[in-house]
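Accompanying notes for the structure given below.
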Amino acid sequence: MKKRSILLNGLAVLGGLVAILFIAAEPHEHLPGDPKEIVIPREEWSFNGVFGKFDQAQVKRGFQVYKDVCSACHSMDLVSYRNLTQIGFSEDEVKNIAASVQVTDGPNDAGEMFERAGKPSDAFKAPFPNEQAARAANNGALPPDMSLLARSRAGKGFTGYEGADYIHAILTGYKDAPADFKLGDGMNYNEYFHGHQIAMPQPLTDGAVTFADGAPNALEDESRDVAAFLTWAGEPNLESRHLTGLKAMLFLVVFTLLFYAAKRKIWARIH
Amino acid sequence: MAAVFKNPLIRWIDHRLPVFSYLQHEANDYPTPKNLSYWWNFGSIAGFMLMIMIATGIFLAMQYTPHVDHAFNSVERIMRDVNYGWMLRYLHMNGASMFFIAVYIHIFRGIYYGSFKAPRELLWIIGVVILLLMMATAFMGYVLPWGQMSFWGATVITNLFSALPVVGGKIVTLLWGGFAVDNPTLNRFFSLHYLLPFVILGVVVVHVIALHRFGSNNPTGIDMKGSQDSIPFHPYYTVKDMYGLGVFMLFYAFWVFFAPVALGDPDNFIPANPLSTPEHIVPEWYFLPFYAILRSIPDKLTGVLAMGASIAVLFILPWLDRSPVRSGAYRPAFKRFFWTLVFVCAILMFAGKYAPANYWLPFEFTIVPPEALSEAAHLESVDALWPVTFAGGHFGIQVIFLGQLATVYYFGFFLVILPLLSIFERTLPLPLSISKAVLEHHGGGAVQSSPAAAKEKA
Amino acid sequence: MADHAQSAQGAGGTRRDFLYLMSASAAAFGGVAVAWPFISSMNPSGDVLALSSIEVDISGVQLGQAITVKWRGKPVFIRHRTPEEIAAAKKSDPEVDPANPKVIIANPAGLRDPQTDASRVQKAEWLILVGVCTHLGCVPLGQKPSDPRGEYGGWYCPCHGSQYDTSGRIRKGPAPLDLEVPVYAFETDTTVKIG
């Protein structure tokens, strides 16, 4: 009897141990400590955490980076000019931003497509009319749409890095290729990109964009600002989510306590 | 006790359509064992989650477009432009995870306490049917946003059916409505995804009817012998269910509002591209154990059959475990094997998550591709590595091997261990009744025991 | 079971009942609070609201011409009226109390829905109306030069024969009300914002 229970207990304990160790293990591309391992540095962002909020000034600067630099190649089809009021632009400023671009509309009564000034209800104007034109202009590579870039490039799981961490890493990760690295034609070496070769040449440098509010515009600042903007673009309702979540949790705590008290009261009759 | 309603309108209706007396009998007065633990909350929690999924699903369907050119953008429109659309979406996608958590706990509870044993075999089988319907519904639902994982997950899983001999290819073409997963597939998945939850609802009603035939099981596994063993469902279990629901809702709300996409895959934020496969195609977490069983067998057809068998074995559980003692509380050996099964299922879940060729290094808390090990050991190729290896000083177990061991235990538990336990297990003495067990638990009276009582055969 | 029910009515009633009342209220409040977002999601969404006003360039509309624009899913008629059309509209005006323009003193033309022409336009030469017949919702004819305009020179609805005058007022046929005048404002002399 004793021997059997030790065996069986041992089996369960072994199973539990293996399960815990296996679950705790983290997937890596290389052995621990290998310098070849790409580790995306974690940054601090204003929107992180349960009470996270967007830093409006930062997101506005990020929009400027997008507009001045990125929008030359990257579309953002799911964001409209009218959404910019959420990050602190006035209705008039939004109208002007929209009107500063020409969008294709139509057909008119003659059956032709025509150009007109943008309206707030229009989506951000795409730099290329279709995927083929985008590839043709970029050596066969397709600059991805940026509407959800920050959400799709996030690390997996509960403890994964933010998409903003990844974007910031890529933008600041351009280095000269090491001597023994074979760089493909037209490719650029990047410390953090998977495989270390990225088709996009370094898009941002110190001072590439001058900010209206005079904020610092070194590469580090520009890349953080645009990463924050892209996070907003991926989930404009983040602040709403946090606020509603707080209210919901508070209500649920009260609700649960009330029903716990009621349960104890009712069950006291038979305990 | 026939209820007499005071309200004349209610009496008028009830005389013609006895809903009120029916509810009074089935939900109010209904005798329930008085010793049910919190493990018994998960049935009502699962039922509540079904209601939430249906409600959120209907309102999402008002805004969603089931066409390959519009599906992805319509979901983003819901997230950005529809009032509270983001909340509906997060409630729905995390609700699916919560639904499966509740159902899995509910199933494990049933296995541990012998709720599947006579006379509740059919109740159990109906439950497994619900599980199957849930899996089909969830699978099709995940395709609807038409992201990369939606598309490729659908492609991989529907392709499995081609393994069936002779008719396999034709079945797959029929499922697809074409030569690949495309618009016809998306459209029919939307139609069926809307339909199946109502089928589930119907089967749940049948499930509760079957439950009420003999009443709930309880932690002792001993039948109620009289009114001293039971209490009315209302108010005791209605209030306990509400309390349990509150706790569960707190857990649910955390995911919805503070980690809404943590249980999913970031690749699904990329629109589906039939010409580019993601690096790792991974199903949602609640399918991972079955995915691991599928992949643990290299042959395609056998793998598919093993995956099917892993659920089929649940159907015949009442005839595999024939121990006359119902509850695991009085079966010490069974208890150990049961908890090992729980751990093994957790192992299966993570084995399904990682690439099968990868190696788990237990002492270094990492999982690495085989190339990392072959390089460290200066081997010519990864083929030189064995499923358990000590290459380059790193002790590693291949994920697929671990998955295979876990699969062997999974089937071994149901097909070998349970039948053997039924014959050879030495069980603890059972209490005489529920009331006596409750008294003893609360510190009153000496233990009265009886030999393992014959289970009721209805 | 009967003794359970009796003990429930026994001692300690009020505080216990308060607890139950609070719990039930919390559940009810939670139910309503959850229901609200569902219902709200059925209201017009952000992108629909964004198209709830449009700006129209009317510089190309010649005297006597009319254009139709789409606003909130419906046609809007913009007619550049000639002096004759304006005069004809004014001739059928009802008489209103100068102190309180909403009070109709006399209605010699027998208008079913009496309104003065002046109350239906901001600039006399620009008539802007929602082109939906107030009977059952068809789009009246009269925008194109080749369209029939009915006896009163305005619009003619082919569905059931309603006829509107040069101010868009119902004169004949089953429609009960004049054509609706939408909310609009002239941003400049050549652009008007509708909605």
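By written order: A, B and C. Residues from 1 in each chain.
As a working rule, contacts are C-beta pairs under 8 Å (C-beta built on N, C-alpha and C of every residue); 3 or more make two chains touch, one makes a residue touch a chain.
Please read all numbers here as calculations on a predicted model, not as lab measurements.
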| item | value |
| --- | --- |
| Centroid-based (C-alpha) most distant chain relative to subunit C | B |
| Between the pairs B-C and A-C, the one where more C-beta pairs touch | B-C |
| Geometric centre distance via CA averages, subunit B-subunit A, whole Å | 32 |
| Length of the line joining the C-alpha centres of subunit B and subunit C, rounded to whole Å | 52 |
| Geometric centre distance via CA averages, subunit C-subunit A, whole Å | 43 |
| Residue list for subunit B, restricted to those that touch at least two other chains | 80, 87, 231, 235, 239, 242 |
| Numbers and ranges of subunit A residues touching at least 2 other chains | 255, 259, 262 |
| Subunit C residues counted as touching two or more neighbouring chains | 4, 8, 23, 27, 46-47 |
| Touching residues (chain side subunit A, partner subunit B) in the complex | 1, 4-5, 8-9, 11-12, 14-16, 18-19, 21-32, 34, 50, 77-78, 83, 144, 147-148, 151-158, 160, 163, 234-237, 240-242, 244-246, 248-249, 252-253, 255-256, 259-260, 262-263, 266-267, 270-271 |
| In the complex, subunit A residues that touch subunit C | 80, 82, 119-121, 251, 254-255, 258-259, 261-262, 265, 269 |
| Contact footprint of subunit A on subunit C as seen in their complex | 4, 7-8, 16, 19-20, 22-23, 26-27, 29-30, 33, 46-47, 50-51, 55 |
| Residue numbers on subunit C that touch subunit B, as the complex places them | 1-2, 4, 8, 23, 27, 37-38, 40-43, 45-48 |
| In the complex with subunit C, residue positions of subunit B that touch it | 1, 29, 55-56, 59, 62-63, 77, 80-85, 87-88, 227, 231-232, 235, 239, 242 |
